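For reference, chains read A, B and C in written order, and residue numbers begin at 1 within each chain.
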Amino acid sequence: MASARAWLLADSPTSRLQANLGRLYRITGMLLRNPLAAVGAAIVLALVLTAIFAPWIAPYSPVGQSLQDRLLPPSAEHLMGTDELGRDIYSRVIYGSQITLTIVLLVAVIAAPVGLVIGAIAGYFGGWIDRALMGITDIFLSMPKLILALAFVAALGPGINNAIIAIAITAWPAYARISRAETLTFRNSEFIDAVRLQGGSPARIIVRHVLPLCTSSMIIRVTLDMAGIILTAAGLGFIGLGAQPPLPEWGAMISRGRTFILDQWWVATMPGFAIILVSLGFCFLGDGLRDVLDPKQGDKG
Amino acid sequence: MSRPLLDVQNLRVSFPTPHGRVEVVKGISFTVGRERLGIVGESGSGKSMTGRSVLKLIRAPGRVTADRLDFDGIDILSRSEKQMRAIRGARISMVMQDPKFSLNPVITVGDQIAEALKFHTRLPGSEIRARVLSMLEAVRINDPGRVAGLYPHEVSGGMGQRIMIAMMLIPEPDLLIADEPTSALDVSVQAQVLDIIDDLIRSKGMGLMLISHDLNLVARYCDRIVVMNAGEIVETCVASELHNATHPYTRGLLAAMPTIDESREELPVLDRASWGGT
Amino acid sequence: MSFEPTTEPASATPALPGQKGRRALKTAGSFVWFVVTIALTFLGLLAITFFIGRVIPIDPVLAVVGDRATPAVYEAARIEMGLDRPLPVQFLDYVTDVLTGDFGMSVSTGRPVISDLARVFPATLEMATIGILMGIAIGVPMGVVAAARQGSWVDQTIRVFGLLGYSVPAFWLGLVGLAVFYARLRWASGPGRLDIFYDGLVPPVTGLMLVDTLIAGDYDIFWNALDHLILPASVLGFFSLAYIARMTRSFMLDQLSQEFVTTARVKGVPERVVIWRHAFYPIRIQLITVIGLSYAALLEGSVMVETVFSWPGIGNYLTTALLNADMNAVLGATLVIGAVFIFINKISDVLYRVLDPRAR
């Protein structure tokens, strides 16, 4: 055990594997020593597990109606009470984690690579390509994200897929900015020159050498953005433009509970706690990652 | 000299790192009277930390311990933050390295100097202003009225450091710590700034702790010299006896200094193995 | 919905001034550049709304006339909307229309969108302004205290509080606020700007209820309006507070690690003066930028809050239009919010450079 630790923490690793594992070990160690980050990681892990094992965790079906059980307050039988159709809110919140996780993952999978590539191209080539791409990026960046997403959904039509597309459209520019800034810092460095001298094509240089170097700042940014994405998705659901009933999407559930907020408060509040918990988890984790991976960045933005 | 101004016994400063606490000052002892003491060492030798611990400026998680840290009979380590405020500036003050960073960029020079006086005396505003102007004159600034109204970015580095000196000496402290006061300055103004410090120190009969990496400079401006390496004092001697230094580190430093009538082909490199240094 | 402004405030180290003449020239140059970028960004905004309104919908005519229209009506509408012409021409027409204040008619209210917007905008402005004032009054001191006691439980609490601002859905907070402070405690009035029986009693002058009631000299209605305003404004204020506190903390930490702060301590300056005069004073201009960005973000965030509080502002107008598929109204509201947002963003960006004493 002690020797494994020494191997991981070696000052001069002898292989790339050892260097990478050592880095991972150090980062994990630092993350776990940071209490907020550890809590964040635990919450995100819990979200993933809940989404995967929802059918086994949830005591009831998320859509099974039972009209004689409608609007029951929280009890041992229904931990979070029941809604206006007698559905168990706890089970719906559990299943809702699948929707939230799907949205967050899809937005990240669509927006991050798009931003990454656009930024890297702009930074690597410079000149008018840079100016044109960054001009477009800046225009998107200076728009209000939520309003833009709303307008896109309005045109595309309500629904969870369109909500994901709309959020992704508003999310990529921030990533483009980051990857451009990162690319600029090592565009003229010697190791890139070396690859160029070996005859590496621009595409190869960008994909194999530039993009990997952007990943750590990208991971931080994406993690920090998760909370915003979750809130936007929930907001679209709340307005009625996101996930449609009977899907147990948290924002849409709050919207349904709105009618009963004064007397049956649990219908609207319970899904809200789930949103807060998960968003907070991503915030904590992102904050912690930033402290560990990029200490000089402080907590601006 | 019955009692030294500053009496330091077994001073230790440590900081936490992922690999446990690391001592940057490892139990050093020295005294300063109304004299000029030079502390020499390379960067990382703990000389700046020594200066800062005298003013109790090392904040958590840094930790300072000592068997004795007495200034004029006052036990510094047991003073509260509030009691320290009465000592800082008024009795011990410190000139820092680079006026570009050590002067507040958005407060005028005059106001910053006046501040040093404002919290230690009850002088009326007009009196403070007069003192500020005469202090600026004392550090050889022409046209002090105009300079007092400038912002730090509007003055040169040499002038900035003279302003720093004025600010630190205006409450007439007993001990001045100068932490690399000239290493951020052009060579042409270094001597000028040190001459001003030297002048004022002598005329007011103060004590000086000159912290520097420059052995030559310390030898020229100090009475006694303490050589530090890796958090420990390796040599203490009278400045005029420096050439008789015995410790291999000091000898190495002396050997590495070029002289004007140089005949050596290349300067020797410090051989750290000879005293087991890092 | 994140209330975090999308652009980040300028860095702490502006260029120091050069010679006076060159500086004047540079100022003029940067002013021209400022106007050009603003114009370009607006054009970009128009391109996006045009794209959303005319290109994305498979058949924008159908969206206007409905699927039961006869072919003749359909064709007339198509020509009236100019859809028979090439896209660039349509875009040019669209820009001309918008610049002359013609946003089209709202299907749901039957009035020109521009006059609808003029009617609802003051309500949003009023709420966002009170919100930002609350955010400044509480957020700035909170950030300063957190930084001054970095690492303490006060700091940790404020930090978590700040992160809550990124994690709590505004519409949820509004609902909970209504349930607690209106339904349970009766501390605040419910949805809307006024109690029903006061409606329409005050002649609109500015459209700002607090101002109009004072002009009319009707203090009862003034207090009623304030009572209605305080809860939604607090909800909005919470988000700006969280953001402002977070940024203040980070700026302050930056300052407190500077050498000149040590200098001040060496001089024996009391900690209170070290913090406010030496560390806070230099960041006040950066904070103006942050506050500007936060204000713009609040205008956007008001969409959700207005929906919950039935606040007759631009956010409520937008969501109603969305649900009625009233595209002219949607795009009009998007344009106005977007334009105000861009404008405040850019202004805050420049303000920093204009106000900094180092550039005097």
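Here is the rule we use: a contact is a pair of C-beta atoms (placed from the backbone, for glycine too) under 8 Å apart; a residue touches a chain by one contact, two chains touch by 3 or more.
The shown structure was predicted, so the numbers you read here are calculated from the model rather than taken from an experiment.
The leading chain pair by number of C-beta pairs in contact is A-C. Most remote from chain A, judged by the distance between CA-atom centroids, is B. With each centre defined as the average position of its C-alpha atoms, the distance from chain A to chain B rounds to 51 Å. Averaging C-alpha coordinates per chain places the centre of chain A 24 Å away from that of chain C. In chain C, there is no position where the chain touches two or more neighbouring chains simultaneously.
For chain B, no residue reaches two or more other chains under the stated contact definition. Residue ranges of chain C in contact with chain A, taken from their complex: 1-2, 4, 6-9, 37, 40-41, 44-45, 48-49, 52-53, 56-57, 159-160, 163-164, 166-172, 175-176, 178-179, 183, 246-247, 249-250, 253-254, 296-297, 299-301, 303-304, 307-308, 318-319, 322-323, 325, 327, 330-331, 333-334, 337-338, 341-342, 345-346.
On the side of chain C, the complex with chain B involves touching residues 16, 151, 258-260, 262-271, 273, 277-278, 281-282, 357-358, 360. On the side of chain A, the complex with chain C involves touching residues 36, 135-136, 138-148, 150-156, 173-174, 225, 227-228, 231-232, 234-235, 238-241, 251, 254, 257-258, 261-262, 265, 268-269, 272, 275-276, 279-280, 283-284, 287, 298-301. Across the interface of their complex, chain C is touched by residues 55, 57, 60, 81, 84-90, 93-94, 96-98, 101-107, 115-116, 119-120, 151, 153, 164, 167-168, 171 of chain B.
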